[in-house]
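Following this message is one structure expressed as structure tokens.
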Amino acid sequence: MASRTLAELAAVVGGAVQGDPAREITGINGLAEAQPGEIVFFNNPKYRDQLAATRASAVVIEESAASLLGGRDAIVAANAYLAFAKISSVFHPRPVFAPGVDPRALVEPGAEVDASATVMAFCYVGRGARIGPRAVLMPSVFVGEGARIEADALVYPQVVVREGCTVGERAILQPGVVLGGDGFGFAFDASKPEHYKIPQAGTVEVQADVEIGANSAVDRATLGKTVIGRGSKLDNLVQVGHNVQVGPLCILCGQVGIAGSSQLGQGVVCGGQVGIANHVKVADGTKVAAQSGIKNSIEESGQQLMGSPTMPMGDYARAMLAFQKGAETLKLVRRLEKKVAELEAKLASLEGGQK
Amino acid sequence: MASRTLAELAAVVGGAVQGDPAREITGINGLAEAQPGEIVFFNNPKYRDQLAATRASAVVIEESAASLLGGRDAIVAANAYLAFAKISSVFHPRPVFAPGVDPRALVEPGAEVDASATVMAFCYVGRGARIGPRAVLMPSVFVGEGARIEADALVYPQVVVREGCTVGERAILQPGVVLGGDGFGFAFDASKPEHYKIPQAGTVEVQADVEIGANSAVDRATLGKTVIGRGSKLDNLVQVGHNVQVGPLCILCGQVGIAGSSQLGQGVVCGGQVGIANHVKVADGTKVAAQSGIKNSIEESGQQLMGSPTMPMGDYARAMLAFQKGAETLKLVRRLEKKVAELEAKLASLEGGQK
Amino acid sequence: MASRTLAELAAVVGGAVQGDPAREITGINGLAEAQPGEIVFFNNPKYRDQLAATRASAVVIEESAASLLGGRDAIVAANAYLAFAKISSVFHPRPVFAPGVDPRALVEPGAEVDASATVMAFCYVGRGARIGPRAVLMPSVFVGEGARIEADALVYPQVVVREGCTVGERAILQPGVVLGGDGFGFAFDASKPEHYKIPQAGTVEVQADVEIGANSAVDRATLGKTVIGRGSKLDNLVQVGHNVQVGPLCILCGQVGIAGSSQLGQGVVCGGQVGIANHVKVADGTKVAAQSGIKNSIEESGQQLMGSPTMPMGDYARAMLAFQKGAETLKLVRRLEKKVAELEAKLASLEGGQK
């Protein structure tokens, strides 16, 4: 990994150098861990002591915090976090894979693999499937009949993309992801009895720039397609049911589950372990706190929600506080009940006395 | 996919044709998406406008709604949803796989693969394992020593069936399912300290007609076997602990988790993300709402339950309503407390005045 | 499996024989299922009827319960559960694998596989990776560039250990585990808009004697490493985010999720489906009930916690009881409100009468 000058890095992120533009930077690190030669990121005044003590040679920082630099070399950027991410990409570029199909892979007749794509050992590529330019299938990936992996997609080991599903340009599938498993649909036949399987004849469309985390599962549609919209990011162990529409630009944290046919608008953010019922719509920009459950459609955009069923965040916080005081409240209510009865008795006796 | 006449389809589902029995049907679709030649399904009066507007050539409908047909050709069936599922199976039959063992698979000596079975590339079939008639192992499936895959079972890519486990006739395992991982059992040894691993020497029995969703895990028993009963359906990312008994005919939605040794009766339905504690019994026909948690045995059959711990659905709904009003209730109680104190004071002064 | 004498088994567990030390024992079983020749375990007086009726030839028991033996042969041990686990290991030893690399595996140039290690079919071992003495990779395991699998580790089928990650001595990875998937980190770039991927340049360190359950996922660190500490045990479908530190000696039950950068101390126990927010610390010996959610750091060691957010167990139980009575409490409060208003009115009229 070659080093870069501060000026070169500033150019990458559209920031301004403060200090020595020729300073050689060899890598990135955290404030506490950094060694001389490394660049760090600062945007939380809580860590100003760490900033003062860091051994790093330069800092990515926003204008508003630049007074804390104390003479250190820096790149001043409008969004320090984003700038740092981009600098990290300079030092940790996407790995390069040699193009070609490993002789231990099985590409069925009628599949098309671009000459610049990589298909590693033990991959299976079904009939009519297409692997686009520079796309990478790491070992033991399954791509079913007629499925498509678009240009520059990166598919980690043990991923399954079942028949007819599509993975968009630059999409990333972490290990163990399953796209296009059958949706969960059965019609009960009381005469047998049995749960009769409803054919799941649709597909999954993962659009460009999507990333899906390890061992997550996105089911194929019953008819039509399940869609993970452009630029949405799904964490590990996320479950997306048949005919769901996610995104674009949604963030679904670990172990989120979305039941069939629900629709998430643009930029919806779900914390970990959130559940969303079937056939609901969630408006653009909704933010749902971890472990919450959405049971009904959310019509108003941009709300912060919490609880199961969800409430506006502030309302929920107040309700939760009351819940936590519930036992003492109940005692108080019983004490009041007794007192009120005593008051009634006394008052009745007083009234009697007045008559 | 050849077309079928309305009469042929009606015969498949045991329904009656209304209109032209010779009408050619080329496929199925939704009310809104259907094209001429396709058949649709209608059983919800909410969508009567869509029924009126659909371009479909025929409708599957129940007698009670037939008056809404407006002269369209139809199949009238006792259970329109089930009938539609069966018609969908006509147009979307289970794919056919060429029998035989791919030369890239490894079948260990002493394993038996039926001549009509399919074992695709990169599968591993251990010693003493048996793959039954017409069973299909898609690529990269692992079948451990002595395990059995019965007739007509369909095993999707990357599934693991560990040693000694059995998969029943017509069972379907979606991609990434793990059967027979070690149960989670440890005895704490304070002298080391360590969590000493308790051998998990049992197996898993998946009975006939079971389906298990992508990346779900069913652990082997400590001794004896973990059982997924006949016709039960498990969605994606479901966790079933060691020695659990599920079903028959249960429905476990996405991300349900069942801890060790619990027993679910016939036809239990669990919504998404439900948790069930260890060593509990859940009576036949119990329905558990999404995200609920069962901590103790449910003795009475057929209840609808919600919450964590669960309560009967109606009780829970009322408790939840009270929870949501908790903050204002608390304010009201405090107001009452103050008023009662004032009343007590006034009454005391009145009593004093009377003396 | 050869039989053992009671004396031999007692020696294994450091227990004392009561009865015939030469008694031949052929296996272990449950009280109800045991056959003559088998040994059973008893430590719960609730099952004393089963003890009286068991057909087993011997019992593992603690001194305090030995009076219930009724003349049976026994091994008396300080910790009967642990002793039984060790006896089970005698009858169910870890399977033995033939050393060597299967010709259907792909070991890249520059990888080192110890001569005593086992690498089965369809495994991929990347450049610079090291597989230690007696370590076992079952079929279709992926070990990325520079990753290390230490001595005696047992890696089940379909596991993915991505580049640079390490798996400690005697560690066990159940099928489908993913180590080193990218952490979930993005910086929002409103100008595009897009979620810009932050490179995840760190690794995962799974220490000695750890076990991780089927289809669980442990993400690599952004920088530095995610650590699963010595002797910790993770159940199935557990999610561990980037830069998390777990353990040593933690127990994480099924479907637990831990968000980025959180730290669990020694011996933390989380019930199923527990969620832990990012950047929190959980003190040594904390026990968290199933389905709970930790939102803030837990500073005090050894607490039992429940709820989301968590409360001390007893407080939570009382709050939950009040919650369950919430609807009737609310009615009572409204009745009191009415009565208080009546009392106020009456009192006012009485006061008026006195004036």
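Going by the order they are written in, the chains are A, B and C; count residues from 1 in each one.
Assume a residue touches a chain if its C-beta (ideal position, glycine included) is under 8 Å from a C-beta of that chain, and two chains touch if they have at least 3 such contacts.
Since the structure is predicted, the reported quantities are computational estimates derived from the model, not experimental observations.
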Do chain A and chain C face each other with the same patch, meaning over half of the contact numbers show up on both, or with different patches? different
Turning chain A onto chain B by a C-alpha fit takes a rotation, in degrees to the nearest 5, of 120
Can you compute the centre-to-centre distance for chain A and chain C, using the mean CA position of each chain? Integer Å is fine. 25
Would you please write down the residue numbers of chain B that are in contact with two or more other chains? 104, 122, 140, 158, 176, 215, 237, 255, 273, 323, 325-326, 329, 333, 336, 340, 343, 347, 350
In the complex, the residues of chain B that touch chain A are 28-30, 33, 79, 81-82, 84-86, 88-89, 91-92, 102, 104, 120-122, 138-140, 156-158, 172, 174-176, 209, 211, 213-215, 231, 233, 235-237, 249, 251, 253-255, 272-273, 290-291, 320, 323-327, 329-330, 333, 336-337, 340, 343-344, 347, 350-351, 354
In the complex of these two chains, what residues of chain B are touching chain C? 104, 106, 122, 124, 140, 142, 158, 160, 162, 176, 178, 181-182, 184-189, 193-199, 201, 215-217, 219, 223-224, 237, 239, 241, 255, 257, 259, 273, 275, 277, 293, 295, 308-309, 311, 315, 318-319, 321-323, 325-326, 329, 332-333, 336, 339-340, 343, 346-347, 350, 353
